[in-house]
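My questions will all concern the structure given below.
Chain naming follows the written order as A, B, C and D, and within any one chain the residues start at number 1.
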């Protein structure tokens, strides 16, 4: 932590800061500058929030943190990268690109089963489908809940695909874990710390979506919540951030891929459907994500998008998804992946 | 809902849209334009999400919603405005400006009691203090939980102030309700729909904070979640949104006050502490909020900000808070409030 | 400047950085931390950009600037604040609140003259009116140019008001200066450095609008461009920044007022018309701006907003403006201004 | 244009709107809804701004534009796409991917000549180098101006590369045109309409960079300014937008590529150097841009980035650039380009 003193701060004020730093267990190094003094607080990270509070002292201009706040999520502790096993066959973070596909919501047995067979045939590795739906409006379809979980698990079983579905309420963790192979934390819950802590104590891999206003540092801190409770199987998912641009539903931040790869050992996948919000932009953004270094994709596929209860506009029809999967191969190869 | 057809869409495509609109129970009105056709879908709001999905049809350029998606939160259903009673004496939304004050977190009996007496003496109406703390880092102080709730309730009782505290986990609703007079939903949980639904079924007033990425429309939809479950005592709180500007912690969006007053009957208060993130900006933003039409303020006060476990930088010392309260009177009068 | 070394950087890399720092004329102070080393570069600011480039060296994690990049605009060089004289009577930055009012564009002699008399009667101090209009579309009304300048100057002369108008092209500086008492740099030109430099060498006060994406630091650097060329009469104007919120045209950042007052000696006024984009929000935001510490307001007034060539939606009719001016008095008094 | 009336607007108010619409030369179609009425204004686009101003009338809730505001830039007028010729050999927008490379600023004859030979050898098609530099600080290096133009042209001549450089002041158009093959409008000048109009009347191709706060629609309107003055050779360049994320210098908005390709016939290239602000992210974002459909890249290359006067952190050394160009081939092929 670096404490920058004000230009005209006095010796007495400098002393007070040094005293407090030392009382908190840090060693203080003073650099006398031409215009203002700077103090380095050397020591481990505990108590950091209290160091930050020194900014209220009269002689202090600002407190600048130096160390990254995350530990278990940082690349340094596992430089070779993490591979998350979903089941015996599907692993995220290795050489093989993993594709998750399926409808936004589980709507009926027919719809989810048709989806499962279609995405399996096209080459997807995991089936997605929402049973608990976070909808902006209380009047929109809220998901089939437990019935949806059962339909999803059955459809995955029939098609031979592991399944992923969203978990919204800490009390449902056991129920959702029973019917899914990987549990998804949605963008709106990325800082639902009560949920993250609970998931950190379960034995299912977690797909953690970046929130639309979450910085990369906050995103890794949310992963840290899960990791610090003991669950090390976390997959990150970029799904677009909120900006001033409204032509696309969100702005897909693909440069977060090399940034996250540099800072963290966790695998990262990309959801171009929610990011762009429109089916015709999904294919180019899928290709771009893979060559930028993503470990996988999450794509919305619906047999009849024009009748979808949610997100029809961004869902691909099975035929379009199959075409995307075919075209994707050349980019996967070009990127040196499988 | 207005459906705009593409410039070169064909009669057949127009027919398909009209058929689907009518099948969903709406009446279709076609306007033939010089360059493209537009269809008005007339009818009530149910099925709206499915109307939106029509955007995937080949001849459709875009679907433009016309009606506001919230109902119970809208000004139209209660033009005179809502007054939320916290207890016999404190009401939010009437002529009287209500000030909520206290520390970010309950840290000790001494700290919260000293805070309670100090803010009471300065003229505050409600005591705040967090027992469950949503912290970006799992390594930061997470709150005293149940012990914190008890300390807060006791301090409020001694000082003669009702208390407000944050609720994060749906399972804690009964516990938190037992020790508080109004429950706060924090910015990070504004779209935690599982929590909102649960709060909609309890009998405590709710202080709903706008998220840092929440649009005004989404904010009212979150209020609608609570209202639609039966709890009509919702107070909105603007606390800054996230923008590119980093000099302040967030950007306080004061123009949301007249916008919300126009669109909704719910009372609105402002939290200038979290919005600006720095104690010296709290007073001018408090004055501005009141004359812009806010019904109250939420201000962080801490006996020793430089030792605070959280948010010390934005907390006022009791003496500064007392000065603010004194200066505030003239602005309250100027605004025709009490 | 603080240079933070990577956790596993080597002694040799540390040496290279120190060598380069010293070659650039700075003194290097090394702080050996528990996890990584930090180097303070002590010296004056010249060559700063080159210090920043050290971030490309292999052992360096990041370079953190310590000093503010602006000098002439900083509060420290004129702690008592600057008062900009527009003419003998009108001064911005003193005790008296200054109100600038008038139509977005000069459209006709009748329109601007009627506007001038109306705003004068209501108590405005300066007449505004655009002759060169920066319009998003080349097909929108582009302003009456020289004819507009003459009409504006004449209307101001008749009503006894100094005038302000926008300057867009460096080549027009002399022309616009001839017909105006203060020249406005619009939001889109806040980083048009060729224009700023030219204005820094003229003898007219400059009203510098913050861009919709300009940080406060960049805003002060733009002012610094004008100041550093010799023109010390700069008035800052907050007019809303671009955020994700679309209910208002922009998001008015009122907290920038105390921030700018703390950091700079330049006067600051607020334009609630462009910020909110809707006439009914102009009055509450005007009141809020004044009590937050602004030195003045800039308000759009049009005799017939529904027929305006530009920005009709955000323009007040003369009667509404007169009412606003009347109500404003109590807030001006409350704020201890005149 | 669709005019939405308020829920409780009266027949008289509806009549007034219809009268005004018809007086402006449009045909009015009324749709009577269950809750509110909607009026379609049918006719060509002239006078659109005045239609928008109808929003001030008492019965009107909002005015919704239907047509896109750009014409000459729209895909519809040239569905096959535009190819911009820089010289006999280099064309942007055809099958061949075009790479522009070179230093941020021209600093010396040695530096720019070395850069020119290096990027030519690695396979670049156009040499870049700034002579007029838009710098946030007036104290930063402002470019060598005319001398820089001459050095750049000479270096390009020796290496056999056409050159691109930035134009900032309308008065310099002839000078810059004399020494360059394509002129660049920087991000900060994307809405410098005086400059755009001047460039619309010159006979050099224009590289138009998106501003950091420019929406895609505004970006196309800025292109429209140039096109509408007669210059049809415009190349668009995405270079990152400003968001809340600060880990990267800007947020590269790659999804704008398919959006722009869908809406406009103009070629589009991507500048990953300014977008990410850090050299190690440039390669993955270059690959991603190409497979997302970009027609070319603009990459900063400097022989000694650690000594650069500007943007050293984001510049590649020649060896790294050569490696990028080699790796790029496989992605170009995969994308079906040359």
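Definition applied: a contact is a pair of C-beta atoms (placed from the backbone, for glycine too) under 8 Å apart; a residue touches a chain by one contact, two chains touch by 3 or more.
The structure presented is a predicted model; accordingly, all values stated were derived computationally and were not measured.
Fewest steps needed to get from chain A to chain D, stepping only to touching chains, is 1. The most distant chain from chain D is B, comparing centres defined as mean Cα coordinates.
A straight line joining the Cα centres of chain B and chain C is 31 Å long. As a whole-number value, the distance joining the C-alpha centres of chain A and chain C reads 38 Å. Chain A and chain B have Cα centroids lying 25 Å from one another. Multi-chain contact residues of chain B (touching two or more other chains) are listed as 213, 242-244, 246.
Interface residues of chain B facing chain C in the complex, by the touch rule stated above, are 213, 215-217, 241, 243-248, 251-259, 262, 275-276, 280-281, 284-285, 287-289, 291-293, 330-331, 333-335. Of all residues in chain C, those touching chain A in their complex are 2, 4, 7, 29, 31-36, 38, 40, 42-44, 64, 66-67, 76, 242-244, 246. Those residues of chain A that touch chain B in the shared complex are 20, 45-46, 48-50, 52-57, 69-70, 132, 134-141, 168-171, 188-189, 191-194, 197, 211-213, 218, 221, 224-225, 228-229, 242, 279, 305-310, 312-313, 315.
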